[in-house]
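Next come the structures, one after another.
What follows is a pair of complexes built around chain A, which joins chain B in one and chain C in the other.
Entry: the complex of A and B
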């Protein structure tokens, strides 16, 4: 049971790192960015590339992969996402999904479809109450929590952070203050992409690195963003861990039901928000 | 007096609806102007064209001699065109103070954060304190600076919105129904505020009740179905037969 809980926290941590970018892009630009999954997958493959080509250790290869992906993330925002700004929601879905499919096929051409092996960098197991649990999983959870706390400070205390918080509420209002908001959207987009890549690389050793890895997590993260509230920074955090835990608990008893449980929760939340809550307020 | 803002043949179509129809409008620096018209007459759309929220279907907007027809809204703010909204627009996720700090950002650094120190810089920097405080004092909100915006009354939020646009150091203030949703007391306060600002700024006020604007503005324009049907001193507008007809219906009284 203890392991299941830790497993839930691990999934939650990875979901959080992936979802934050999805949530910010939706919250600020009102765009559902399916290409986020491509950046995630490409990040893991470039990690493998740098690791093998330069014989690097886990952490240096991860840092280089993140930095190497920044221009790509910037270019996706600048040349695809920004053109969709203010357009209909479904246009953005089609365009970014197309990007995801094209990119996934390119990965298959270059790296093949077989899963790539990434070794767990830390094999230490910690003894908690007589049960041995993997230190690596604990580190993943800690990284997510630290990033959450760091982001919270960033959004509360810094100029860029406050502009983004204001833009989440009303981006036309921010433009009214004479602030060129697209610059800040680029920053947010790149931050979100970098975090997703970190999440992907951390998760790869304990899952499988294959061309569709981004697509698998995309739909789960989409549920996280809806359950947590689109554009809600803390909501995304709590929803990630809640849904991660749900997956672990359901998966322990019925492996096939883990994903279904997440989508069912999303459906219930949507029904609650749009049907039940408005009626409660009316009374 | 120099012409500060003018529009020529300004037109905006939404599909088949012509919301603003060939408006020629011109204002001089330092005066206070009013625009009235029934709901749906195109007042807010006209403001959106002046402030850059909409692109016109045809026509031209000039500000201070420069063609700004296709200039983005945030650039216009930088040039000195500031606006408020019919529904109060303040950032409820920030405190009163942070709302103002955000609005004075533009003056401290170019809008592009090139340097990392800017990126991570704390938002409450001393250089902006004075400007922010002056703006809050002008509207009488100085005592509530530290409060979260969510606890303010609607009237206080309107005052905060005005403080925000004042801190933008505008040359032209576009006030979109500043009295909407306020109590009589609050309306009185904002009318005094507008009067105290006239002369310092050029102002255009949108309102659908003519009675509030008579004493405030030097020139009143009446929009009807997207066209200006009358533009004159308020007293003359009141007497205009066409205005009386379309605005109140035949011979009805003023509200």
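Entry: the complex of A and C
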């Protein structure tokens, strides 16, 4: 049981790292960015590439992979998403999905379709109350919590962060102040992508790297964004861990049902928000 | 701003029959051009029915769904189950598939139409994932999981056999024409105008006193029912259904077809469906030939799909049919102005 709870926290941490970027683009630009899944998958594969080509350790390879993906993330935002900004939303959705298709296929050509396994970098297990638990998983959770705290400071204390928070609230209002929000959107987009890659690389040793890995987590992360509230940074954090825990608990008793439970929760939240809540408020 | 054109709301029977005749002629010509490969064109037409159903939801109502394969796949599995577990009457199987899928869509659609745009896209996608999981795992006793169900339909009215290429072609052609006819009447009816107005500006329609939620819901159900019909026909023709039929990943193929043909018009949907199937059937041999020349593995199908999609989104939004209509309009104008001068 203890292991299940830790597993829930681990999944929650990975979901959180992935969902931040999704939630921010959703909150600021109102589009669902399928290319987020592409950046995530490419990040993990470039990690494998750098690790093997330069025979690097886990952390250096991870940092290089993140840095290497920054220009790509920037280019996606600058040349695809921004060009479609302000037009009908489905075009941006379809264009980012097209990018995901192209990228996934390129990965299949370069690395093949077979899943790539990555060794867990830390094999130490900590003994807590007679149960041995993996230190690596604890580290993943800690990283997520630290990033959450760091981001909170970033959004509260720095000018860039405050502008983004303001833009989440009222896009037009910020623009009326004469602030060029597209620059800030770019910054936020790149940060979100980098965090997703970190999450992906940390998660890869526990799962496996395969070309459709981004696609699989994307839907779960979208559920997180819906449950946590679009563009809500704290909401995303709590929703990630809640849904991660749900997945672990359901998965313990019925392995196949984990994803189903998450989607069901999302449907219930949507029903609640759109039909039950307005009726309660009317009274 | 693109404004809606409102042709006469009463569909003139003569005009409707003429347009249906044009579609019939189009498919017969296509059959002749591709060298009378009946099974090919049958596949094309089934896909066209699916694209037509999607057009109602996306082109007319303006809701981009990433979970349309759920209804196609559900229809396919239900029809196959009827044949395997009840009796081998194909028409009863299709009816069963369409009715039960509509009931399912009534539930999922009721949730889905509460949302818009991106949320709608991903909610429907999540439902599709859920559905393909249910078919694959909890129901694997009945659906036989990855192995799929093998179904053998009996004769239609004791005359036509789905197993025979020409018979299957005739049945599917008749059903396609019926679907076209129904959609042609529906989209030009007051109901059709209303859902197109919802696409343009939903709030304004609400101000006029319409319960837009209900109209969206009905459209969703009709669209799902037609998709289920396509899925059922697929089973009849192939005699087989596997989890591929309900796969979320195939949704992009429908979206591709509708975009390349031109969303928001039935002809656009038909042209898109045919173009997509042509590309799908002719591209793989071209790629493998190019691989033979280049000497190394080339990206497969999905990548080219992605590249064409990007091109469409950035510079070819009207699709083939929209483009043709626009050019024809310009031509007519220039002729008119020349006459006036």
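Quick notes
The criterion applied here is as follows: the second predicted complex is superposed on the first by the 283 of 283 C-alpha atoms of A that agree within 3 Å, B and C clash if a C-alpha of one lies under 4 Å from a C-alpha of the other, contacts with A are read in each partner's own complex, and residues count from 1 in each chain.
By definition in this document, contacts are C-beta pairs under 8 Å (C-beta built on N, C-alpha and C of every residue); 3 or more make two chains touch, one makes a residue touch a chain.
Since this is a predicted model, take the numbers as computed values, not measurements.
Touched residues of chain A, counted separately for chain B and chain C, are more numerous for C. Of the two partner chains placed by superposition, A:56 touches none, neither chain B nor chain C.
When the two complexes are overlaid on their common chain A, residue A:181 makes contact with chain B while staying clear of chain C.
Once chain A of one complex is fitted onto chain A of the other, the partner contacts of A:120 are absent, as it touches neither chain B nor chain C. Within the superposed three-chain model, A:222 lies in touch with chain C and out of touch with chain B [touch as defined at top].
Once the two complexes are overlaid on the shared chain, A:108 sits against chain C while remaining clear of chain B. Looking at the shared chain after the overlay, A:168 reaches chain B, while chain C stays out of its contact range. No residue of chain A lies at the contact with chain B in one complex and also at the contact with chain C in the other.
Within the complex formed with chain A, the chain C residues making contact are 58, 64, 111, 114-115, 117-119, 121-123, 125-127, 129-130, 133-134, 137-138, 249, 252, 255, 259, 297-303, 305-307, 309-310, 313-314, 317.
Against chain A, the residues of chain B that register as touching in their complex are 51, 53, 72-75, 77-78, 82-83, 89-94, 98, 101-103, 105-106, 111-113, 118-123, 164, 168. If you check the complex, the residues on chain A that touch chain C are 26, 30-32, 80, 83-84, 89-91, 93-95, 97-102, 104-106, 108-109, 215, 219, 222-223, 226, 230, 256, 259-260, 263-264, 266-267, 270-271, 274-275. Looking at the complex, you find that chain A touches chain B at residues 154, 157-163, 165-166, 168-170, 172-181, 183-184, 187.
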